[in-house]
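Report on the structure given below.
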Amino acid sequence: MRLYVKIKKDFGSFILDTEFEADKEVLGILGESGCGKSMTLRCIAGVVTPDEGHIELDETVFFDSEKKINLKPQERHVGLLFQNYALFPNMNVVQNLRAALRGQKLGKEEQQKRVAEMMAKFYLQGLEHHKPSQLSGGQQQRVALARILLTRPKMLMLDEPFAALDEFLRWKLELELEDVLKEFGATTLFVSHNRDEIYRICDRVCVMNQGKSSEPVPVKELFTTPISREAAYLSGCKNFSDAAVAEKGEVMALDWGITLKCDTTGKEDSTSVGIRSHFIRPVTETEGLMRNVFSCRIERIIEDVFSYILIVSPKEGAQIRVDVSKEDWLEYREQVPGDEILIGIEEKDIMLLK
Amino acid sequence: EDQTDVVVFAAASMTETLTEIQEMYKEVEPNVNLVFTFDSSGTLKTQIEEGADCDLFISAAQKQMNQLDITADPSVNEDGLDFIDDTTRMDLLENKVVLAVPENNQADIQSFEDLGTDKLNLLCLGNEDVPVGAYSEEILTNLGILDQLEADKKITYGSNVKEVTTQVSEGSVDAGIIYATDAYSAGLTVVDQADSTLCKQVIYPAAVLKNAAHADEAKAFLDYLTTETSAEVFESVGFTMVKADDEEETEAVSEAESETAAETES
Amino acid sequence: MDWFPLYNSLRIAVISSVLVFFSGIFAAYYIAKLHPVVKGVLDVILTLPMVLPPTVVGYFILLLLGSKRPFGIWFYNTFGTKLVMNWYSGIFAATIVAFPLMYRTARGAFESFDETLSYSGQTLGLSNTYIFWKVRMPACRQGIMAGTVLAFARALGEYGATSMVAGYTPGKTATISTTVYQLWRTNDDLLAFKWVMVNIAISAVVLLAVNMLEKKNTAGKRSAG
Amino acid sequence: MRLYVKIKKDFGSFILDTEFEADKEVLGILGESGCGKSMTLRCIAGVVTPDEGHIELDETVFFDSEKKINLKPQERHVGLLFQNYALFPNMNVVQNLRAALRGQKLGKEEQQKRVAEMMAKFYLQGLEHHKPSQLSGGQQQRVALARILLTRPKMLMLDEPFAALDEFLRWKLELELEDVLKEFGATTLFVSHNRDEIYRICDRVCVMNQGKSSEPVPVKELFTTPISREAAYLSGCKNFSDAAVAEKGEVMALDWGITLKCDTTGKEDSTSVGIRSHFIRPVTETEGLMRNVFSCRIERIIEDVFSYILIVSPKEGAQIRVDVSKEDWLEYREQVPGDEILIGIEEKDIMLLK
Amino acid sequence: MDWFPLYNSLRIAVISSVLVFFSGIFAAYYIAKLHPVVKGVLDVILTLPMVLPPTVVGYFILLLLGSKRPFGIWFYNTFGTKLVMNWYSGIFAATIVAFPLMYRTARGAFESFDETLSYSGQTLGLSNTYIFWKVRMPACRQGIMAGTVLAFARALGEYGATSMVAGYTPGKTATISTTVYQLWRTNDDLLAFKWVMVNIAISAVVLLAVNMLEKKNTAGKRSAG
């Protein structure tokens, strides 16, 4: 174990109470907006002091409320990318980057080299002498990212590092970042709202919910077999219903008013059921093999780049989202909102949750 | 060539005259460098009391001088201060207390006596600390109108002479009581001059300090101030020299004045 | 102890603080937008009262408002009273002397205001007046408060110009400051000291009140993210 | 035409020079980070004054440098969501929202009702009395969005409105927003880095490149038949090569060192070729029907949520990204980086660009 | 015209501005972090020189540093020179009188500083000193400048306390302000006016310089987004 965090902090209307460990890995932190992700990172970095708890990295105790240890942020050597970038407004891009190198006692040339390197890596050439106020949102974010990497921290905490970037740049920087993280070999906490990013970059994921964290799980597990509704929700599942296991192999999805057939072994106490929109597909009546087929009314059809998104509702139930690839939809292209359609769900794709 | 600095603390009303005499004294005594500090006599007294270096003190009234003179009446020298060399103390100049009015004299004030009438709305005096203030109060007391004027809020006190002269020249007040020299240099209209029945002689005393670094040079300069050459300068702005043969009389007056001052204090 | 100076000082300090508050803020607001050279020139003029001995400032005020000067004459003919040597004359003195403090401090605060907030207010259709009072002023609160406190203290402590313009007539124009000065000059140190304590008490009340106000406004000042 | 914009502004190192029209529609603005999107919106809103040009909405001239017209932002009645939210820091959430209603002279109750409505719509309940500094990034963004909608502007400009939100919330707000936009019926400019969002929400798209805008095109056209490399790039295409049409029906992709067969009619002067990663797939030798099949070396295999991303390179060429659905990859799952693999591209998926 | 007062005024104003700059900033920095009540109390003490007539402030300084007071005696015995009635005595006067201006203005500026910047500096491993001088100070530039300008102007204009502590000795302790006062008092209005112009010129140079500096630092102040 390289990083161990167990902290409590009371804000009155919001209580942060989180505990997790991270190894030499990229640990994703997933959670609803406002659940305390940024606050957790701030506590680890030492810029917010928790009410109580213990924070430790590589055998160095950062914080311990009982032993009255509270290292200064400077002594922690962790890099934190602030969500609002926190660039120094009075310095231009190069000066902002240089500031990060101050701790390393480098020669002037070496400094310049490293700064230039980073400027190139993050596509910032030509902006050397711009002040932060003269940069666009995405440019600011890249400068902030570059600045943190220059300090060569022992641990990296990235708070939505690509949120302001366009997809292509995001992709390029993601590859870049992965190389850096590898070279770096340090523990990294990665906050992102992008499910795919988390999936690609992280080894394990810690789910946070209203200030509370759960045990980190391998990233694949979160996507394939989430345990809680919260986890499934954060892994991008968009269809949930309250549920009750009626008898072995049958679950009543209460919100949708339908009964689903699936393996309920060991899941008898499930309270919810979740189905990913990608795993629901329109079927024709001939497909007799499927055991879960329901008739729904199409509420809305939204065209996406490579797929169609259907909003459908079972007889008297809540809406369900269905993602159909354009290829598969061809067959149904005559359908319009208001029509009835059959949707099918494979048993293995039904997630029983608590 | 060795220069001797002689530090002179002098009433601010002497700024122009002493600066002029300083030039002349350079020729008489080229080795002496006169260093003046001008301020209101009260400030100078405070500074001396707090240990400022000073060789010669010229006050605009006996009060401040007495407050530093151990041989003076203890009711004036309350703190028992012993700073000046009594043997060198002398009365240097005499000034006159006058009644000045604004240019057009709207209130039509012609004499000190008029101050007790309805003609007057507002009168400006120097405060007690400005020596002229003490004399002004004496005049009004002798006329028996001071208390009434204060009760009617017809008196405003200026904290220095310039304030009083400005208030008069700007017509903020109907009249002001100041020194003849100040009225002269401010170019004010003077309508009355206090005679000996209204107020005692206004004397500028001078003395060398006991711990003066250059007592002899200071004494020499003081002597020079009594010469005819200096007198010309002083008289050109309205001062009168106190004649050496008046010395006896002046002493007596200053004695009497100390008593009056003592009464005012208590 | 005659409490008139307290009463008089308070009304002068309060009225002139209010005047200085508004005039300082408006001057700061409009001047902050100007070209630096123009700003510099206006700064020189508006900061002038600070670099001159207050008595001299008072002298200039007297030359301006005096009973024989055009404005003074006009005022007397219109209102039947003099601008100088009255209790309210102290207001002119205190206002002019305290003005640069408010002006310069407010300008500093305005210049570090994030204009995006004002832009966003404008696109929301909010009037510039609303934005000024409800967004800009609260955002610049700290600077404005500093300026107000300084201006109030200066107005309360003002002596030189007041003595010149209003004179010292006990019971009529005397303020705490001129009283302290007169008492101290006439060696009544004890009473002078009592008045000094009164002045300290007033500023203590004001400064503590301001600090409490600040606290209320700054609950949890941290920028998210 | 409802909105007409033609503006120029010189920042020295950056020159904004854009011209476009928008109807009663949602017009997407796509462009690289720093290309001038935010600046354009600011000019329209009237908070930045262009050097020259003309801006007009619904016959009302907002700005005309020749006629010396320059309406105040307040007179323009447009809603601009600032990229950094620009919430009033001294007001709590409710006060921020109420401020937006000031123009509408509503009764106190009506005000409260509308604010409460918005709070609910944007999932902000419980945060009524939080100051912006006490909100998380996503919460701030939602307050800003709610605030703008409350003003009922004649036109809406949204600068990355969902950037700080998690996917689920994003999706919910997207549906919400679409309803609002419909009800609203006003011209909307929509800046986003999310290709799918743009595709789903926008009617047409205007592509910006280094301060210059191009003619808006229907959103589908951008994705299916982009004309410029820039447009293809922004629509999410990730593979580009310099190219030259050698002879009819043949294009040399210079960076990749391969020759592609496709329809070149009317595209003889193309200088680039682009291929979407989703449209390249691994093939077995038996698939004789395909005309474009190349052997590449696998550089990297990245697992994504529903697909694998392959980074491959042709013999001596630049890298190519291939997205393979997990289902399709099953067949090739033995493959590891370093192996050779055959990839196939259909003729219709080859985009010839300028 | 004897230029000594210019020279003397400049050195006093510059030295005391520098002293006030640092002491004011440090006081502001540490006090800004304290509890509002403690802040209030310290504020009262530190703002005191503003609410008293400067002459009275000078009197207190004299009581503290005078040649007959313990500190004055110790200083004389150690350095062989007096603290009062020397040119440098004006520094004490100007420093004490100008201090509250710098202190209060800087505190206002510090309190509106976005601490996130300081946090981000800390996590980058930058020393608190570096953050203070290179991030916090530039970000609070406007407020600090306002304070500095006010303090400098006040130091330049300081008359009452200086005349008490340093006296008016032409060629030795005379400053522009005391010279203006004396000249004016002795009715040499013309020369007094010339010196007023000198003071104006100095403050003009300073204020214009400050404004140019500001301009250089604020090129294109807009927040992105």
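Here the chain labels run A, B, C, D and E in written order, and each chain numbers its own residues starting at 1.
Criterion: a residue touches a chain if its C-beta (ideal position, glycine included) is under 8 Å from a C-beta of that chain, and two chains touch if they have at least 3 such contacts.
Note that the structure is predicted; figures quoted are calculated from it, not measured.
**Student:** Counting C-beta pairs in contact, which chain pair ranks first?
**Tutor:** Contact tally peaks for the chain pair C-E.
**Student:** Which chain lies the greatest distance away from subunit A when centres are computed from Cα atoms alone?
**Tutor:** B
**Student:** Where the CA atoms of subunit A average out and where those of subunit B average out, how many Å apart are those spots?
**Tutor:** Taking the average C-alpha coordinate of subunit A and of subunit B, the gap between them is 88 Å.
**Student:** Counting only Cα atoms for the centres, state how far subunit A is from subunit C in Å.
**Tutor:** Centres of subunit A and subunit C (C-alpha means) sit 55 Å apart.
**Student:** Give, as an integer number of Å, the spacing between the C-alpha centres of subunit C and subunit B.
**Tutor:** Measuring from centre to centre gives 37 Å for this pair.
**Student:** Nearest whole angstrom, what separates the Cα centre of subunit C from the Cα centre of subunit D?
**Tutor:** Measuring from centre to centre gives 54 Å for this pair.
**Student:** Show the residues in subunit C shared as contacts by 2 or more other chains, in ascending order.
**Tutor:** Answer for subunit C, listing residues that touch two or more other chains: 55, 59, 116, 139, 141, 178, 181, 220-225.
**Student:** Which subunit B residues sit where two or more other chains touch them?
**Tutor:** Residues 160, 162.
**Student:** Which subunit A residues touch at least two other chains?
**Tutor:** 11, 38, 82-84, 134-137, 139
**Student:** Provide the residue numbers of subunit C that touch subunit E in the complex, in ascending order.
**Tutor:** 36-37, 39-41, 43-44, 47-48, 50-56, 59, 100-101, 104-105, 107-109, 111-112, 114-116, 139-147, 149-150, 153-154, 156-157, 159-160, 177-178, 180-181, 184, 192, 196, 199-200, 202-204, 207-208, 210-212, 214-215, 218, 221-223, 225
**Student:** Using the touch definition up top, name the residues of subunit C that touch subunit B in the complex.
**Tutor:** 55, 59, 62-63, 66-69, 82, 84-85, 163-164, 167-173, 178, 181-182, 185-186
**Student:** So in the complex, the part of subunit D that touches subunit A is made up of which residues?
**Tutor:** 11, 13, 30-35, 37-38, 83-84, 126-127, 130, 134-139, 142, 160, 163-171, 193-196, 199-200, 220, 223, 233-234, 236, 238, 278, 302-306, 309
**Student:** Touching residues of subunit D toward subunit C in the complex: what are they?
**Tutor:** 42, 45-47, 72-74, 76-80, 82, 84, 86-91, 99-100, 102-103, 131-137, 139-140, 147-148, 151, 153
**Student:** Which of the residues in subunit C end up touching subunit D in this complex?
**Tutor:** 116-117, 119-128, 130, 134-135, 138-139, 141, 217, 219-225
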